[in-house]
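What follows is chain A paired twice: with chain B in the first complex and chain C in the second.
And then the complex of A and B:
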């Protein structure tokens, strides 16, 4: 029963939600929206469990002064630092002058942007390795990448004689081979997604059902 | 002379006294394959007012308690308007009929901060036409009215996949061999687990950063079950790093199940399935911290990734981990290809679970989707030829719109 009931629920709800694509009537849509809202509520409730998990994983390491415990202490302190002003501010926490908003704007956003900015350096190091001309395929990749990069910057566009041709060639690479490959991936992925969805709805795939599945 | 003068004078007077609005027709129709919440309002007029206004009231017949609502003020050249008759079907379900009035405005009123907008609009022009519309919801999206056969084709494809899955499962059960091409990235998962065991280091598994309802996250959870079982068999450790709390809860149960299936339920450590942060780059920084501090021998990234993909994969590269990635997110594939040892591209992600388990029912679904792929490729080839000769049959076959 512990595995049968989830299978029945998956089948019924899965089929009902697939029906949303084929049945546009508002009377049907209003119920699919209810299911979606239930999903959102469950997901929101799981944030409490996420917080519990964070504390469960990190607090013992701090108390036992395990390796790198100061980082975990900082993280737990950061959680409290954001959470307490959030609770105190309540619905007004996002208004100017509120501590939560200040912390968000002047601590969280710059840190977030810093992590994102690191991407530029990671791209450079990954590109350096990817563009080494080890074989024919890598050489073609290197040539295509150089041409596209050159055509995308003003200096490439303004090159005498070949500048315009370079941009046309870049557009061709992006519009024809690139788009063709991307569409092939999209079509394959979509069919894979349909097959995976059917496997779950029909109860063929059960590994997500837990220990009794 | 007097005989002609009187009618002529009368005609001139009538031209001055009566407004010169030409005949205007107004229609309110339910769109084909619609939800029953919309009406398409369209009008034809040779008149050229300063603007148009459309008013709406509920019900087919006029009543004392009629409440007219100003839907929109439109430019003089406007010819149509799509009206959503309700914003909340629970509190205000669509009525059987709605009446519309098209007002030809002699001047465009400013409705900001006006208490009775309807009265102001009426005072700014005159009724050019009226119409009644009946919103009708469709109980099956056919697409036939718009010559878009996509919904029907989609239904047929789903049914065909289901029938083929059943047929191929029966074939496999009857002893027929099903060929699955070798996918090095999937074979490398077991190698990676073995390597981690030899090195005495854990395996890091990242199921993407999307919500649980995303099909790539679901596929990743299915793979995680198989990976966890292998990890348990090898008596190694697996760290699962999650961005979404509910994904962590499911991952926790899936990994526990994997250890249980392998016969080592006591070896499972729930503290290794971790929620890091719901913020993309905070999650990325936290997961990078796991890579630097716990130095996993194998990193597996399977699911939907965005800008964090390269940051994670490059950190893993610096850590000299074996890295296996898989995503159907086309924009992130180049990053994984550049930084990881093996990359599962698009559909391969959805094939991993079946490939690892070799369960005939799962394998049959791969074969079924391969046959649909043959159909899609054939349709592309035929459609290209037909479209070149101006026949849009295949284009219409795959078109999806309406609603």
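And then the complex of A and C:
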């Protein structure tokens, strides 16, 4: 029963949610909304579980001074630093003068933006090292990359004689080979998702129950 | 040039590249280079989609971005708010990103004040909802179910701007400002096809190529990607230059990108020249 009941639940709920795409009756949609609401509650509960899990995993390592414990301590302190002012501030936490708002504006925003901005430097370094015309495929990739990079900015567009052609060619690269490749990936991954979904609904795939099935 | 120098150049310390990249970004900030540019067809389509919305209607904006994607998307977000408020279009907005509310609410408030728009009557922000695809599905089915209250705790039933707007298909246009997942891809997969929605997307340069197939298939009515997309949109919204008190953030940054891109291209070309010379010399030695 411990494994049969979750399998029955998965089958019924999975099939019910798929049916929503094919049955436009309002009563049916009323029930799918109930399921969606349950989903929200589960998603919110996952945050709590995640927090408990983080503390459970990292706190003992800090207390026992295991490897990299200072980083784990900083992480736990950072969680508390953002969470406590959030709770204290309540509905007003995003108003000027609130500690949560201050931490968000002057700690979280600059740190998050910096992490993303560093990409420019790493991409420059990686492009210099990786883009070498070692064979035909690498040369095609290299030529496409240079062309798109140049045509994406006004300096390329304003090149005498070839500027307009460059932009047209970039658009062709994005619209034709790029679209073809991405559609192939999308359709392939969608078929994979359908197959995985069917395996879960039919109980063939049972890893979500904590077993290998 | 000696072979050793070329080999050393190919294996140079990456900190030199970082320094060069830093200067390539900093110098054009201090000494701006302004070059003209033409508007991309996809951005024009996005602008046209907003133009087609009748004055006085209401659109839905899903502001799904955070501090990391803010430099690319905030200029678009600001430009589109100018565009919508100027056309007297009302806005219902929400987000699927927990880090978005503190970023977007001040922008809404600033621009609503500029155009004399009142909260609750002309615009509202329903706040953040967790659940990713579930939240999108719920926006498609029943918005008050997903967002019973707005970001300050007012029941949505009390918001005048929400009257008559129960689900995504009630809006003539949905604009998704998407910094990643959950965002445009999820909107298209979860609700665009099922409800035949008109969705326009502004996204990061990284995600842009991912969404072009959606645009080509008609699943998106317009697409602005990255800083160039935002700059193009600014040009469409302010063809005669910015009004007083408005800065065209993306247009300024777009010109900074000129030197950054040129620097990376020069690095790649120089690296390949050095690679060919050393490889030929090694082949001759062998």
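The rule is short, and it goes like this: the second predicted complex is superposed on the first by the 205 of 213 C-alpha atoms of A that agree within 3 Å, B and C clash if a C-alpha of one lies under 4 Å from a C-alpha of the other, contacts with A are read in each partner's own complex, and residues count from 1 in each chain.
As a working rule, a contact is a pair of C-beta atoms (placed from the backbone, for glycine too) under 8 Å apart; a residue touches a chain by one contact, two chains touch by 3 or more.
What you are looking at is a predicted structure, and each value in this text was computed from that prediction instead of being measured.
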First, second, both or neither for A:4, with chain B first and chain C second: neither
Chain B versus chain C as contact partner of A:168, first or second or both or neither: neither
Partner chain(s) touched by A:26 [first = chain B, second = chain C, both, neither]: first
Touching partner for A:182 - first (chain B), second (chain C), both, neither: both
Partner chain(s) touched by A:142 [first = chain B, second = chain C, both, neither]: second
Partner chain in contact with A:43 - chain B first, chain C second, else both or neither: both
Touching partner for A:123 - first (chain B), second (chain C), both, neither: both
Footprint overlap on chain A, comparing chain B with chain C: 21, 29, 39, 43, 47, 108, 112, 115-116, 123, 125, 127, 129, 182, 186
Chain B-facing residues of chain A, complex: 18, 21-30, 39, 42-43, 46-50, 53-54, 56-57, 67-68, 71, 108, 111-112, 115-116, 118-119, 122-123, 125-127, 129-130, 182, 184-189, 191-200, 202, 204-205, 207-211, 213
Residue ranges of chain C in contact with chain A within the complex: 14, 17-18, 20-22, 25, 35-38, 41, 66-71, 99, 101-103, 105, 129-132, 134-135, 137-138, 141-142, 145-146, 151-153, 194, 205, 209-210, 212-213, 216, 228, 254-255, 257-258, 260-265, 267-269, 271-272, 275-276
Residues of chain B defined as touching chain A within the complex: 33-37, 89-90, 93-94, 137-141, 151, 154-155, 157-158, 161-162, 165, 211-213, 215-216, 218-219, 221-222, 225-226, 244-246, 248-250, 253-254, 256-258, 260, 265, 271, 273-275, 278-282, 284-285, 289, 293, 307, 310-311, 313-314, 317, 328, 330, 333-335, 337-339, 345-347, 349-351, 353, 359, 361-362, 365-366, 368-369, 372-373, 376, 402-403
Complex interface listing, chain A residues touching chain C: 21, 29, 32-33, 36-37, 39-40, 43-44, 47, 91, 94, 101, 104-105, 108-110, 112-113, 115-117, 120-121, 123-125, 127-129, 131-133, 142, 145-146, 149-150, 152-158, 167, 171, 174-175, 178-179, 182-183, 186
